[in-house]
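Shared between the two complexes below is chain A, which has chain B as its partner in the first and chain C in the second.
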Partner chain A sequence: MSEQFKQALDGITRVRGVRGALLVTDDDGLVIADAVMEGVRGDAVAALAASLSARMARATVGAGVGEQNFLQLQAEHGTLLTMPAPNGVLVVVLAEKDVNVGLVRLEMLRAVEAVK
Partner chain B sequence: MTAELAGNPDSLVFLELGEALRRRGQLYAAAKAAVAGLERHPRLADSHDLYARILVDMGHLQQAYDEWQATVELDPRHRGAHKGLGFLCYRWGDLDGALEHLELAVAADPMDQSVVQALRMVRDAAAELTEVVEEPQQSLFQGLDGADHGMLLFDTRGRVLGGGMSNQLGEDVSKDVAAYVSGGCQEADRSSRILELGDWHWMVVEGVGGSMHVSRSESDTLLLVARDGSVPSGRLAVLADRAAEVALQWLEAQQP
Partner chain C sequence: MKHVRVVEPWIEDPLVRFVTEAGARLTLIMTPAGQVLAQHGFTRAVDVMAAAALGAAIVSSTREIATTIGEGAFRALNHQGVQHGIFLAEMSTPRGPLLALVVYGSESSVGLVQLFYEDLVQDLIAACPNQEPTKPVIAADFERDLHKSLASLFGR
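Now for the complex of A and B:
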């Protein structure tokens, strides 16, 4: 993993409540780089997040919301966040349900910058 | 039966034992017997069917669905599995799926009155829903900001129940959006299940031109609230909460 990517992901995982951060390909959900806690299935997170993001992308365009730039799925025991980055990359974060999403978003934006 | 199974672990008596334990409410013991049987007889449709019935009693509906799917893959005419799948589809609001499976269950055993009765009930429900679908309640969210062009209530199959959704050109995109979002919500279901996140409650998607908030009610309907970029996410969530209350009241009023 390049040092640049590693630093970007480490910035995300330093936010309290984050269980894993990944850079994945947005079309097929393959892991490019990851920093996940033990027990987190990085490949599954990557594949499912990319698939969810792609499915919802059609809906956002249809609803006139335009090209997607952030997605948050809030569930009973956790939160899944995605943010598209350039060059077909998706930043994905898996976190506890009560994570500070604002802080995570800031770090995700930094990761997007790192991918440029 | 336990002694017989201990003496001959390959015996099919685990099917009888598991079912007896299930009926007695000893679900953990029943599941243990079923899983042990499945390990020895993974190609036996009845072993998957038994495990599915136990999983339903335990409340693990998605796993039960997967087991019954495995059952019908092994035995496409398995009455119990189609009956179970019909029950789950009905519970999840998928009336088409429920009808399909219950019809297959009846075809496998036309004398099973419980299936015939269930099929009749689902047909009645489907007929009622069709009436609703033909006339979506456009005024459902009347009084709320953006009631007619940015709030949409629909079911998990993407059938519009009320509200409306327009694009920037003012064109009605309700049906298309409901179809896309319901597909996305199925993906959200899958992600939550596989990642062990529990049930998902809501989803926010922000785009370059605005945001949308999708929430799921207890009755498995989906509510979408979309706004342009001038409305912050927090405000969108408040709007979505208000719309959810209205939708809930309306749905309750539709109950016979």
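Now for the complex of A and C:
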């Protein structure tokens, strides 16, 4: 993994409650770089999160509210967060339910800047 | 509704699940020789036969390339186009090796197809009956089997 990508993901995974962070190609759903806890299927998270993000992007444009900036999906046992970055990259984070979303979002924004 | 046609019934449930979850537009399950066992999405027999023959040929060619560079076999091939992608992979089952050819569009992705392909392989292995004893192929049987297969694949 390149140092640039590693640093981008390290900032996110340092936040308490984060179980994994990935850089994913938004059209293919393939993993570019990942830092995930044992037991997390990075390839599955990448493929499904990219698919979800693509559908939500179509939904926001269709609803006339423009491009999506950030997606937060709260589930029974955790949270999925995605943020599009330039060059067709998607930042994906899998976290505990009670994670500090504001802090994770800040680190995701830094990751987006780092992969520009 | 996903429209699936099969020659061998044990393939149907795993294939329906796969095309539903992966969002595949077209799918073929076939032998390495290009004999089609199941199809989803094709409407013309000629398209199925062409896709099966070309898919089997691609796998065969790349296997030779793999051998040349000292690789046992390629796990999967993905041809990425502007509108469509083609995913081609070989799997081992109790009935012998099978090939899957999957065409997907912008509503899916190679990541999704790869993900659910792994489930398809496991489902097929679980559903697969044991290897049938091989018998000599004679021209009359071949002709009859071919017509029977095409009838199954296109509901005629």
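The working rule: the second predicted complex is superposed on the first by the 116 of 116 C-alpha atoms of A that agree within 3 Å, B and C clash if a C-alpha of one lies under 4 Å from a C-alpha of the other, contacts with A are read in each partner's own complex, and residues count from 1 in each chain.
As a working rule, a residue touches a chain if its C-beta (ideal position, glycine included) is under 8 Å from a C-beta of that chain, and two chains touch if they have at least 3 such contacts.
Quick caveat, the model's predicted, so the values are computed rather than measured.
**Q** Touching A:44 in the superposition: chain B (first), chain C (second), both, neither?
**A** both
**Q** Go through the superposed model and pick first if A:29 touches only chain B, second if only chain C, both, or neither.
**A** second
**Q** If we overlay the two complexes on their shared chain A, which of chain B and chain C does A:103 touch? Say first, second, both or neither.
**A** Once the two structures are laid over each other on A, A:103 reaches no partner at all.
**Q** Tell me which partner touches more residues of chain A in the superposed arrangement, chain B or chain C.
**A** The larger set of chain A residues in touch belongs to B.
**Q** Quick check on the superposed pair: does A:66 touch chain B, chain C, both, or neither? Answer first, second, both or neither.
**A** In the superposed model, A:66 contacts chain B only, not chain C.
**Q** Could you say whether A:52 touches chain B, chain C, both of them, or neither, answering first, second, both or neither?
**A** The first partner, chain B, only.
**Q** Identify the residues of chain A that lie in both the chain B contact region and the chain C contact region.
**A** 44, 48, 51
**Q** Quick check: in the complex, which residue numbers of chain A touch chain C?
**A** Contacts found on chain A: 24-25, 27-30, 43-44, 46-48, 50-51, 54.
**Q** For chain A, which residues are in contact with chain B within the complex?
**A** 41, 44-45, 48-49, 51-52, 55-56, 58-80, 94
**Q** Quick check on the complex: what are the chain C residues that touch chain A?
**A** Within the complex, chain C touches chain A at residues 80, 106, 108-112, 114-115.
**Q** Which positions of chain B touch chain A when the two form their complex?
**A** 165-168, 173, 176-177, 180-181, 183-184, 187-188, 190-192, 194-212, 224, 226
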